Structures are given as C-alpha cells and as structure tokens.
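Two complexes, one shared chain (chain A), two partners (chain B, chain C).
What follows is the complex of A and B.
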C-alpha cells in the first residue's frame, strides 16, 4: 500500500517537473494537449462507461466553455480566471437543459439526440453575431507554455481525482453502475434514475466546459468547427473506447496513445495526412472486434483469468449490453 | 393496530382496451403472508407492478400504513419500506453479488462501509456469502433468485412482494427458499407472494387471493380456496356436461 503511494507521489513529482525538464515548447505543447484529451476522454466515459449513455454531443460542453471564456474576455474584458467558473456554470446549465429531455432516451436514441443537439448548437454559433459567426473569435494572446501546462495538469488531475473518488470509492459509483446495468431494478431499490443520470451528466459536462475554456485561451483562436465540430467528440469517444470503457485509467491510456499517434503522424508524416483517418478508422474497427473491452479491459480480464479458472467471456458481456430493451 | 397494513381498494389498470387488473380489492394485516395466484395472464404481475409503483392505477387506491401510495414512483416506495423482486430476475449482471446488495443497502445505510457490512449480513441470511465476490451474471438461476430476494431484503422492508421466487428451482432449492420466506415472516415482515407452485402457496400462505382475467374471484384460507368451484374452473376449465 505504501509503495503504491510512493509511486503516486513520484509520478506527481515527475509531472510537476516536466516544464523544467522539457525545454522545447513543441514537446511541452504536446504533453499539455495530451492532458486535455485525457480530461475529455475520462469525462466522456463518466456517462458512457459508468452510466451507460453514449453521448455524441460531448463537444457541446467543450465548445460552450470555450465560447463563454472568449466572449467574456473579448466583449466584457474579464480576466481569464474569472471566466473559468462562469464557463463551468454555463456548461452545467446546458447539461441540465439538454439532459432533462434526452436522458429519458436510451441506447442509440440518446446518441442520436445528443449528436443532433451538437450540430444544432454549432449552427446557432455559426449564425450568431456576438460569437463572430464563421470567423470565430480571437483572444488576447498569452504566450506562456508553462502556465497552460500547469493549468491543464491541475484541472485534469483534479477531475481524475474527483472521478476516482466519486466513481470508485463513494456510493455514487455503484449507483450509476446500477442504472447502467438495470434501471428498473435500480428504481425498485430506492434509486431515482433521473436524478442520478443528471448528476452523472453534470460530472461529465462541467470538466469538458472548463477544458474548453482553457483551450480557447491557450490556442487564442476558436471557431465553430474547431471547438464545436464533430472531431472533439469523436476523438474523445475513440480514445475512451480504445482504452476501455467503464474504467478511469483506460480512457486516459487510450487518450495518450491515440493523441501521440495523431501528433506524430501530423508532424512527421504530413505528406501522408490523407492516411491518418483511414488508419484511425482501421484501428478503431480492429479494437472493437478484437478488444471489445478496450486495451485496459483486456489487460485486466487477462489478469483475472489467471487468478480464477472461470471468468466471464467478454462476448457475453457485450451481448447483454446489446440487448435492445430500450 | 386494527388498521390494515396494506389496503388495495378497487384497483384497475388498463392497457389499451384491456383490463389487466379490474376492480381488485383486498387487505393485508401486518405479519401476514398472502398468496396471490391465478392462471397465466390473470394480472398478478400487473397488480404487483401497480402496488410497487411501476404502473399508476387507472382508478382505485393503494394505502400502505394508511398512506396513499397509488402512483408514487418505485424509488419512493422502496424508501418507505416496500421491497419487491422481479419475476424475470434483474441482477446488476456486471457487478459482484456483494455490490448488488450494497446498492440496495444505501437506502438505509448511506455510507459505503456500513452498507457493505449490512450487505454481508443479508448474504449470510440468504446463503450467498460464499458467492459474494463473483459476478452476478455467473450465478445459477437459483442463485439469481436468491440475489433478487437479497436485494429486496437489503432495503429492510416491512412489506415484501415476491414474484415467483420459487418457480424454476429444483425441490431442494425450493425448500431452502421456503424456509427463508418463513424465517422472514418470523422477523415480522409482511409478505405478498405470487407463485404458480401450489405446494408452496398452500404451505406458507395465511390467506390466498385468486385472480382470473384481472378480477378477484376468490379469497380465503388455502384450504377453502382449493375447494372453491370457481377457482377449480379457472384452472382446469369447465367440467364436461
């Protein structure tokens, strides 16, 4: 146990020391963005993996957070840190408004509804004038890679710790899993599914809003496609699915691997950019077929099958989930 | 104490034009075991779903300890002390047996540690202790039925609705479940049980309510009900002339 804590402290120490070791801002940027994707993947997984709701509009919260910060800094002249709580709040409000009607849906219907909502919000931002429409918004540049590294590290680390506590330690985690496994049975055991699903939705949306806010200030330019387009959601989905749904560490590993692959490809193989999406698609298809529980899920089930002779075949789990009792 | 524990007053539940349950009334006193029987499609499970809050009745009232509970959502009834099992068992398949019961324990024990301790006690009582750490999906049918009962019991209910917890079990398993039900009664839990196996109903019920085509056709002691010509007719059809 104490060895575990020592390793954790060592790991945190290394993370804190990164900006003083990595002098090259190019690499520091990569690490910073990797953190951001870890945050997006684990926050998406709160709803998808733990609660069983595939949200294809996760980018909504990222984009809403980014736009809130941009508008407040540009039009109202607020300082960055003052805008963060507002971005979180706006993401929460959007989550409640979007969640109340959509969380009644299940399975593919929820996925379609959230995806459609994301497209609708992207269109609204595109035609509005205070958002700059298709031209996007420029923010006052603040060129300090270390600042963004630490901000990202603190936020993502905090989200990771909060999710670990709420989902793995506190009763809340078991409650959302109960809803995922069988909401009727959960209801007969005193759980209010609507309330718990909404809480999970908030736990998923608010971090995405904060990450969007940081992203906007960091990149200093946002437009509807870059922060509200499909790519934000899709990449988080792909990372979480590849890493392993329903775990904390899985989506984080998936985020690092896929983000590094993408960055490497774009930096060194830019002549072959067309191939990137093709390869990514192939990897996803292969991981769904061969690693239905994701990278981390496969590793842990191997470990368990070593311990116990009998372990549940992965395919029976996915059969259960596919059961359309919608 | 003269107040009935549960009062079902002229409850009707309609699906489309079909009366699944029509004008059904009966009462339960505290500590009783009442058997609810009837041929397939008689409306037993529908009545269960109405009492446990999954359906709101179209008309009629349900009073639990003199409190009108008709149409209240299931999770509120669970907190009031009404536990139920499902005929088609609904384990949280991907979680362990212990976790399944811990979830139900949160109603009375919001803290994880206390809920876990309580869950162990429940599993001790229902005989699932040695399966506590396996996935619920790997239980046998008998185990899953036991888990259903364990989850309902973890609510510390005063009223327990059991929907076919014996059907599908072999005689030894059935006997163990019957023993369990009787021990629950001795703890003062009032039980409404739906069952097809007459041996069970006749042995453990204080009174029996018989439904046919959604209506109550008989009520009384198991012995009287078994002799009732209308009940025999409902089960076996009309005698040839």
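What follows is the complex of A and C.
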C-alpha cells in the first residue's frame, strides 16, 4: 500500500516538474492538450461508462464553456478566472435542460437528443451575432505555456480525483452502477434514477465546460467548427471506448494513445487528414467488436483471471468485472 | 398570404421524401432495437452510387433506383451479422455497444466518402428536372416541379409496397412477430438472424434509394449524412420509435415545418425549431405523437 502511495507521489512530482524539464514549447503544448483530452474522455465516460447513457453531444459543453468565456472576456471585459465559474454554470444549465426530458427515457432517446442538440446549438452559434457567427471569436492573447499547463493539470487532476472519490469510494458510485445494471431494482431500493442520472450528467458536463473555457483562452481563437464541431465528441467517444468504458484509468489511457497518434498523424501525414476520420471510425467499430471492455478492461480481466487461478479456488472466483480500478 | 398554398404544397412534397428517410430506419429499430447512427451516411452513399452510375450510364436516376436498392440491400444483408453480433453480445451493455458501433461505422463512411468523393457538391440530373407544373387559382400561383412530384410518388409507392409486404406476406408476418416478441417468435420457428438480415438490407436499400432521389431534387455532398440523420431521428421520435404508421404523418409535419420556416422565417432557424419540437415531444409524450412507440 505504501509503495502505491509512493509511486503516486512520484508521479505527481513528475507531472509538476514537466514544464521545467520540457523546455520546448511545442512538446509542452502537446502534453497540455493531452491533459485536455484525458479530461474530456473521463468526463464523457462518467455518463457513458457508469450510467450507460451515451452522450453524442459532449462537444456541446466544451463549446458552450469556450463561448461563455470568450463572450465574457471580449464583451464584458472580465478576467479569465472570473469567467470559469460562469462557464461551468452555463454548461450545468444546458445539461439540466437537456437531461430532464431525456434521462427519464431509454438510452437511445438520450443519444438521439444530445446528438440533435449539438447540431441545434452549433446552428444557433452560427446565426447569432454576439458569437461572431461563422467567423468565430478572438480572445486577448496570453502567451504563457506554463500557466496553461498548470491550469489544465489542476483541472484535469481535480476532475480525476473527484471522479475517483465519487464513483469508486463514495456511495454515489454504487448508486450509479446499480442504476446502470437495473434501474427497476434500483428504484425498488428507494433510489431516484432520474435524479442520480442527472447528477452524473452534471458531473460529466461541468468539467467539459471548464476545459472548453481554458481551451478558448489558451488557443485564443474559437469558431463553431473547432469547438462545437463533431470532432470533439467523436474523439472523446473513441478515446473512452477504446480505453475501456466504466473505468477511470481506461479512458485516460485511450486519450493519450489516440491523441499522440493524432498528433503524429497530423504532423507527418497532413495531406491525408480525412483519413483520420476513417481511422477513428475503424478504431471504434473494431474495439466494439474485438475489445468490448476496452484496452484497460481487457488487460485487467486477464490479470484478474490470472491472479484468481493462482491464489483462489475456482469455486470462489467471481465473473464480474466491476472491481474498481484506479 | 399568396405564398400560403405554395408553402403547403412544398411542405407536402418534401415531407413525402422524408417518409422514405425514416421508414426503413423505424422498421429496423422495431425489429432489431438498434438506433443506426449511420442512417444519414447510407443515404449519402446511395446518392453517390446513383451519381456515378448516372455519369457512367447516362440513365435517368429514377431508372437507376432498383440497381441502387439491390446493391445496398446486399451490403446491408452482408453487414448485418456483424451488427447482430455486437447487439446480442454477452459482454458489456449490448444496446450501448450497438449505438457505438453504428456511430463508428458512420464515421468511417463519412471519412471514406470525403476521401473518395471530395468536398464538392453534385447533383444527379434527371430528364424531368427542368420542367415544372404551374397552377393558377384566384390570382395565386403554385409551382410544382415535376421531379419533386416524382419524389413524392416514389415515396408513396415505397410506403405502399412496404405496407403490402408487412401485412400480406409470410415474410411480413414474421417481421411483425419478431418486433412484437423476440423469444416467442423464435419458438414459432422464425429465424431471427435471417429475418433481421433481410430487414436491415431493406432498410439500407430504401435509405440508399432515397439518397438518389435527394440527389435529383437537391444537391449531394460527402458531408450531407448528419443533416439527414437528424431528420430521420426527428421523424422516428415524433412518430414513436418503431411505430411505422406514425412515420408518414411525422414526415409531412416535418416537411411543413421546414417549408414554413423557409418561406416565412429564416431557414437558419429550422434546425432549432426541429430540435424544439423534438424536445417538447420528449418532455410531454416520449412515445411519440400517437403514444405508440416502443
């Protein structure tokens, strides 16, 4: 146990020291963006993996957060840190509005509704005047890579810790999993499925809104295609499914692998950018068919069955895969 | 006021096409309980097959419809076992996996189409594209392009044939039994796998044919899929998921909403209106306008 904590502290130390080790801004930028994708993938997985509701419009919250910050900073002259809570709040409001009618229903309705909402919001931002329409918005530049690295690290680390605590340690995680497995029996135990699903949706949407806000200030230019387009959702889905739904570490691993692949691909094969869509689609379809538990789920189930065979009598071996992996 | 009859007629003509966007999709949902996120991509692929066949053979797109249907029926029939394997798997959550799987297929199709067909818009010229039909009633003019009328007739024909097949043939009886109760129909000797393959083939075939019609009325491009997926979802939710008789009414309603927005308001707001209606329906009557959805 103490070795585990030691490793954790070492890992945190390395993460904190990255900006002083990595002097090259290009690589620091890649690491920062990798954090952002980890945040998006794990926040998508909170809803998909733990409650079984697929949000095909996760980019909404990212985009809404980015636009809220840009509008407040540009038109109202707020400082960046003041806009963050507002971005989170706006993402939460959108989640509540979208979630109330759809989270009562089966997952298919939710998937359709979030998908449609993403397009409706994109359209709205394109025609509205205060968002700059298709031209997008520029933000006051703040060129300090280290600042964004630490902001992203704190937010994503905080989200990870919060999810770990709520979903793996606190009773909330058990409630959420009970609803995923069978919401009728969960209801008979006195749980209110819609309320808990809505809470999980908020836990998924708010971090995406905050990440969007940081992204907007970091990149200093946003337009509907870059922050509200399908790409944000598509990549988050692929990362989480490839890494392993219903775990915390799985989507993070998936995010790092897919993001590094994307960076490499766009750097060396930029003439074939649309091929990237085919590869994303192929990865997601293939991992559904061949790795239904994702990369991490498959690894841990091998490890578990290995351990179980060595140390336990076969009769007491359980088949469930619900063991919390952190 | 003088535009009102035109708005109504346009809405009905467009709504007709929307029937065929959604009816196969609703049928597939009823039988297999799968939401196919690639529905718009099948329409797009069908449209491009029609476009290239038309370039190559110079035949009218309406004559090419059976060929497109056959080709895509075969593709759907061959792809279905994979979908079936995903949605009837033991591991994880199969319904969820079905959604993710078709989402991935859709991405792949869109990427391949962008690679293969490029970003340009095309249209599929038909011999009747140029001509329209003019009506004059009490000082009000109504224009009905022949090609749109042909589209409506095509949609009605497809709906009629589907209705006949489902109600009068043994195959249709098996399909209806399967959508009512999977296990019980299995006990009655219905081969769920084979019937599902046929249904999926029919759905993909109808969607692809509709793509060709869309290409001869509007334009097609490799990115059109999402737009039509959203329309299909809207219609199917409005009609009640898997409830086929509701599909035509929902389609006509969508057509009317669209044509009214086009003529009286700003067409940019159509998508928001569509979403607003979808949201209200989900809030008030999630089983659709008729309360008959699955």
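Note that in this section the second predicted complex is superposed on the first by the 304 of 326 C-alpha atoms of A that agree within 3 Å, B and C clash if a C-alpha of one lies under 4 Å from a C-alpha of the other, contacts with A are read in each partner's own complex, and residues count from 1 in each chain.
Keep in mind that, in the parts below, a contact is a pair of C-beta atoms (placed from the backbone, for glycine too) under 8 Å apart; a residue touches a chain by one contact, two chains touch by 3 or more.
Every value quoted in this text rests on a predicted model; they were computed, and no experiment measured them.
Colleague: If chain A is used to align the two complexes, do chain B and chain C fit next to each other or clash?
Modeller: fit
Colleague: For the overlaid structures, how many degrees, to the nearest 10, lie between chain B and chain C at the C-alpha centre of chain A?
Modeller: 80
Colleague: Is A:293 touching anything from chain B or chain C once the two structures are fitted on A? First, second, both or neither.
Modeller: A:293 sits against chain C, while chain B stays out of touch.
Colleague: Touch check for A:168: first (chain B), second (chain C), both, or neither?
Modeller: A:168: touches no partner chain.
Colleague: Quick check on the superposed pair: does A:177 touch chain B, chain C, both, or neither? Answer first, second, both or neither.
Modeller: In the superposition, A:177 touches chain B alone.
Colleague: Is A:188 in contact with chain B, with chain C, with both, or with neither (first, second, both, neither)?
Modeller: After superposing on A, A:188 lies in contact with chain B but is clear of chain C.
Colleague: Counting residues of chain A in contact, which comes out ahead: chain B or chain C?
Modeller: Of the two chains, more chain A residues are contacted by C.
Colleague: Answer with first, second, both or neither: which of chain B and chain C does A:135 touch in the superposed model?
Modeller: neither
Colleague: Quick check: superposed on A, how many Å separate the nearest Cα atoms of chain B and chain C?
Modeller: 8
Colleague: Do chain B and chain C touch any of the same residues on chain A, and if so, which?
Modeller: Dual-contact residues (chain A): 180.
Colleague: Chain A touches which residues of chain B in the complex?
Modeller: The contact residues of chain B facing chain A are 52, 54, 73-75, 78-79, 83-84, 86, 90-95, 99, 102-104, 106-107, 110-112, 115, 135, 137-138, 151-152, 154-155.
Colleague: Would you mind writing out the residues of chain C in touch with chain A in their complex?
Modeller: 35, 37, 82, 85-86, 89, 91-93, 95-97, 99-101, 103-112, 114-115, 226, 229-230, 233-234, 237, 241, 266, 268-269, 271-272, 274-275, 278-279, 282-283, 286
Colleague: If you look only at chain A, which of its residues touch chain B in the complex?
Modeller: By the definition above, chain A touches chain B via 169-171, 174-175, 177-178, 180-182, 184-193, 310, 312, 316-317, 320.
Colleague: Within the complex, which stretch of chain A touches chain C?
Modeller: Checking each residue of chain A against chain C gives 48, 52, 54, 56, 100-102, 104-105, 107-109, 111-113, 115-117, 119-120, 123-124, 126-127, 180, 230, 234, 237-238, 241, 245, 272, 274-286, 288-289, 292-293.
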